[in-house]
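What follows is one structure encoded as C-alpha cells, with my remarks underneath.
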Amino acid sequence: MIDMERFGQFREGIKGLGSMAVPSTLSDDEKIAKAKQVFFRKIDSNMAIGLESCIHCGHCASACHFHEGTGDAKYTPIRKLELLKRFYRRELSPMRWLHRLYTRDVTTQDLMQWQELVYDSCTECGRCSQICPMGINIAAGVNVMREAMADAQMIPDELAAVEQEQCQGTLFGFGHDQFIEAVDAFRGQGLDIPLDKDKADILLLTTVVDITLFTDAFISTVKVMNNLGVNWTLRSCNFEAANFGLLSGYEALQKQASDGIIKEAISIGAKIVITPECGHAYPALRWDGANEYGQPLPFDVLAISEFLGQQVNAGNLKLKPLGKDKKFTMHDPCKIARHGGVIDEPRAVINALGVDFIETESSGENNWCCGGGAGVFLINRASDLREKAFSIKINQVNDTGADTVVMSCGSCRLNFISGADNANWNKNIESLVVLVAENLAD
Amino acid sequence: MSELIKNKDQLEANSGNEETLSQSLLKQGISRRTFMKFCTTVTSAMALAPASAILMAETLAQTRRQSVIWLSFQECTGCTESLTRSHKPTIESLIFDFISLDYHHTLQAAAGHAAEEARETAMKDNWGKYILIVDGSIPTKDDGVYSTIAGITNLSMLEEVSKGAAAIVSVGTCAAFGGLPKADPNPTGAKSVSEIIKGKPIINIPGCPPIPVVITGVLAHVLTFGIPDLDDKGRPKAFYGESIHDRCYRRPFYDQGLFAKGFDDEGARKGWCLYEVGCKGPVTHNACATTKWNNGTSFPIQAGHGCIGCSEPDFWDKGGFYKSLPQGQWGSAEGIAAAAVAGAAIGIGAAAMAKSHQKTSGEESS
Amino acid sequence: MSLLDFARGPAMQWSLIILVVGVTWRLFGALLLMKKKDLSKAKVESTTGASISTVFNRFWPKPQFAAQMSITLLLAYTMHIGLFVVVFLFSPHITLITDMTGLSWSGLSGGVVMFFGAITLASMIALLIRRLTSPVLKMISTPGDYISWLITALPVLTGLMAHAHFGGPYETVLAIHMLTVELLFIWFPFSKLMHAFLFIPSRAKLGAVFGRRGVKI
C-alpha cells in the first residue's frame, strides 16, 4: 500500500520540474557538432548493419505502444533513427561518396524536431525489434540518439533538470545526508537496517522513489533480506540505483553514477549487487556497468526479482500460499525481462505464492511496455501520449480476467497507478517484493 | 518494281516468240493437273488465299521467260546444290529451267569470255527488267580482291549488275547476311548484298542452304504477285515469319522441361527437346519445322541435332552450335571472382577509413 | 551486334561485375566497422546458437504478432516464392546458371512458371497499393522503394511477355527482358534489395545481443 496523497504530491512536483533545468549555452553550430561527435563514437558494426538493413516494411509500428495507442504514423519506430541513418550514410557507410550526392546533412533543427520522437514517444522498450523481419536493434539506436542530444544539451527540460541534479550528487533533493536521516527514521519504526558495513557479501541498492514514495517496497526488501539471513548492507554513499545519465543520454553522468556504485561494491568486497524494483537500473549495471568502468565486474549483478526467484528455487525462501482463488497476472518490465533476461525467476516467486497465475497474451520478452519507462513518466507534455499507450496495457490485463497485476519495477508501478487513476481502472496493482514480504512463511 | 511482270494483262502485252511455261511443261510431259498441284502447294505454303493458286497457275502459264542473272560470289555452291541436286526431275527444277537463266556459273554451258559476254548481252537486252539473284558474300577488304570473276571483283560486278536489275534476290545466308566468310575474324571483309546495294528492292532468302521450295516459291510469288511481305530482315514472312521453336514438334517437351543433356542419353533417345545441347530454334526463323527438307522428309531437330540457326545473321558467331542459347556470353568465372575480390578490397578500405575518421572525429574536444 | 547479342554479352558481363563489386563492397564495408567489446558477464556460454536460430525463426513472426502481419505476410511470401520459382526453376534460367556455376537441377514446365510469374506480379501490385495507401508506409517510404519495385517488376513482366511472345518480335522482347534484369543487377547493391544478403548478419547480430542476455528473440 502506498500513500496516495504522497503520490499526488509527487505527480504535482513533476509538473514544475522543467523550470528547474539550466538552459543550454551552446550555439546551434556547437550543438550539431557535439551531436555528430557522439554519432562518430557510437556507430559500430552492429548499428551500421542495422541502419543498412531497413526495408521500409512498417511492421515496427504495430509492435509499438505509442503508435498503436494513437494510430499516428509519425511514431513509427524506425523513423526515430532517421537522423542516425542520414549521418551514417553520409559519413561512415561504405558508399558514402554516393550518398552525399542526395542525402541531406543533419542539422540542429532536425535534432529539435526529433526530440519528441526519441524522448516523449520512446521508452527504449525494444518490442519493435521483436517484430522487425530484419532484426534491427532500434532501441539501441534511440539510445545513441539520446546520447547525441544530451551532449548537444537538447534533453527535454524535466529530464535535463533531474540529470543536472544527479550530477551534483542528489536526486529529487535526496543525497547522502537525507538518506541517513531516512534510514534512521525507518529504524525508529522498528526496522533492522544494516547500513555502511565495512564488509558484506551483498550490496543492496535502492532508489529515492522507494525511500519516499514506494516505502512499502523498501521496507519489504529489508524484511526479506533479513529473513534470508544473508550478509548484506546498504551504503549511504552511492545508494541510488536510478541512473539519469542512462535515461537522459548524458553518458558522463551514466559513467559517474555506475562507477560510484561499482567502487562502493568493490570496497566492501561484495559478491553480489542487488538492484531494487527499478527498471533501467538493472541493465545500467548488469550490461553497461563493466563497459563504462572499463573492466569486467568482480561481482554479480542481480535484480531483486531475480534474486528472490533464485532463493525460492534453492529452497531458502518459503512463502505462504495465497490460494488458488486469487487470479494473478504479471507485467514484465521491459528492462528486466526483454533486456535483462529475468523472466523465469519472478514466475518462480509467483508460483510459490500459490495463486491462479494467468499469463498475458504477450508476456515475457514479448510483453507490451507500460509506456512510462526511460524517463518518459517525467515529461509533462507526453502525458496524453502515455495515457493512450497505457490503454493497451489495460486491455491486455483485462483480457486475462485477473484481479491483480504484479510487477517488479517502480517506474512501471508509477505508470500503472497513474494510468489506472486517469482511466478509472480498478485493478490491484502489486509490487512483487511487497507480496513476498507480506507472505513469508518464516 | 514496275518493270516486273505483275499480272496477266501485262503478260499478254509482252512480245516474244519464246514458248510459255505451260507449253514448255507440256513438252516435258507434265500435265496441267500436275502443274496446278504445284501452284496449290506453293500458294498454300505461303498461306495465300485458295484463289491465288488459280491466279498463279494462269499467270505463270502465260509467263514469258523472265530474264534472270545469277551471280555467285564468295560461296560454296551449296544453295545451287540444294535446289538442283535431286534424284528425279522435280517440278521445282523445271520451273527453274523455264526462267531464262542467262548467267549461272554452275549451270551454264558457256565458259570464260563467252560467259561474260552472255551476261553483258542479257543485261543490255533486259535492262531494268532482269532479276538479279546473288549467292555468296561479297569480300570488300583490300578493294575486294579476294574474290574475282574474269578479273572483275565481286564488289564491282555486283554494283554494276544491280544498276539494271528490277529486283535482287539474295539466296543463302552468305548473300543475305554475310554467312560463313563473315564469321569472326572476317579476314576478307565479307559483306551481305544489302550492306552494299541501296535503293533496290532486295529479298533475302537465307538458310545454309535455304529449303528448295522456299527458293522457288518466292520466285513464283515474285513472278505472279510481285515482292512478298518481308520481315524486318528482308525475309518473306510466308516462309520466315515463324520461329523453328514455335512450330517444332518437340515443343511440348520444352514446355514440360524435358531436355536431352547429350546426344546419346535417355532424353535424346526419347526425342526430347534439344535446347540444352545447343538448339537455336527459339531465335531462328525459317520453315524447316513445317516444310522440312527432301520433299518433307525430315529436318535437323527431327534427326536429333539442334537447329544451328543458319537462316539468321552471324549464326557462326553465337557462341557455338552445342552451347545452349543462354550460355557462354556473359564473361567468365575468373572475371566474377576478380570482381568479388575487388569489391571486398574496396569495402575493407572504406571501413578502415571510416574507423579512423571515427577515432579522430569522435574525440571529445574538452 | 544485335540488341539481343548486346543483352546476352557485354551488358550481362558488366552488370554482373557491378553487382558483385557492389555487394561485396557494401557488405565488407559495413561488417568491418568498429566492434565494441562487451565486458559484462554473458548469461550464456556462446551466442552462436542464438544468432543462427534468429536468422531462421524471423522468417515467420511470433504468434503475438502474426495476426497483424498476416496479409502482408501472404503477399510478401507469394512474391518471394514466386520470384524464386521464376528465377531458379525455369529451364532457360537454369541453363545459364549451370553455365556460370556448374550446378544444375531440373526445372518446372513453362506453364507452371508462367503461373508463378503471374501471381508474383499480382502480389507485387497489391503490395504497391499497400505502400501507397498505408499511413505508416506513406510516412517512411522513399523514392528508392518505388524504384526498387519497378526495377523488380519489369523483369517479371517482360519475362512473361517474352515467354508468351507478346509485345513485339520475340528476339526484341527477349533482349528487353534481359536488359531489365541487368538493370536490376546494377541497382541491386545500391538499394534496399541488399536485404537479400543483409538479413543474415542483421538478424544474427540481434540474436547475439539478446542471446547474451539469456533472452530468446
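The letters A, B and C name the chains in turn, as written, and every chain counts its residues from 1.
Going forward, contacts are C-beta pairs under 8 Å (C-beta built on N, C-alpha and C of every residue); 3 or more make two chains touch, one makes a residue touch a chain.
Here the structure is a predicted model, which means the values were calculated and not measured.
Enquirer: Please work out which of A-C and B-C is bridged by more C-beta pairs in contact, and write that pair.
Expert: Spelling it out, more C-beta pairs touch across A-C than across the other pair.
Enquirer: Measuring centre to centre, with centres taken as mean CA positions, what chain is farthest from chain B?
Expert: Following the centroid criterion, the farthest chain would be A.
Enquirer: Starting from the mean Cα coordinates of chain A and chain B, work out the distance between those two points in Å.
Expert: Taking the average C-alpha coordinate of chain A and of chain B, the gap between them is 81 Å.
Enquirer: For chain A and chain C, what's the span in angstrom between their mean Cα positions?
Expert: 38
Enquirer: Measuring from the mean C-alpha position of chain B to the mean C-alpha position of chain C, what distance in angstrom results?
Expert: Those two chain centres are 43 Å apart.
Enquirer: Return the residues of chain C touching two or more other chains; collapse runs of consecutive numbers into ranges.
Expert: Residues 25-26, 28-34 of chain C touch two or more partner chains.
Enquirer: What are the residue numbers in chain B that touch two or more other chains?
Expert: 346-347, 350-351, 354, 358
Enquirer: Show the residues in chain A shared as contacts by 2 or more other chains, in ascending order.
Expert: 43, 92-95
Enquirer: Which residues, counting only chain A, touch chain B once they are in their complex?
Expert: Contact set of chain A toward chain B: 36-38, 40-43, 91-96.
Enquirer: Which residues of chain A touch chain C in the complex?
Expert: 43-46, 48-50, 52-59, 61-63, 67, 71, 73-74, 76, 78-79, 92-95, 98, 129-137, 140, 286-291, 293-297, 300, 337-341, 343, 361-362, 365-366
Enquirer: Which chain B residues qualify as touching chain C in the complex?
Expert: Counting only chain B, the residues touching chain C are 232, 243, 246, 254-257, 259, 275-276, 282-283, 313-314, 318, 323-331, 333, 335-336, 339-344, 346-348, 350-352, 354-355, 358.
Enquirer: Which residues, counting only chain C, touch chain A once they are in their complex?
Expert: 25-26, 28-36, 38-41, 43, 54, 58, 61-62, 64-65, 68-69, 72, 134-142, 145, 190, 192, 194-195, 198-199, 201-207, 209-210, 213-217
Enquirer: In the complex of these two chains, what residues of chain B are touching chain A?
Expert: Those in contact with chain A are residues 346-347, 350-351, 354, 357-358, 361-365.
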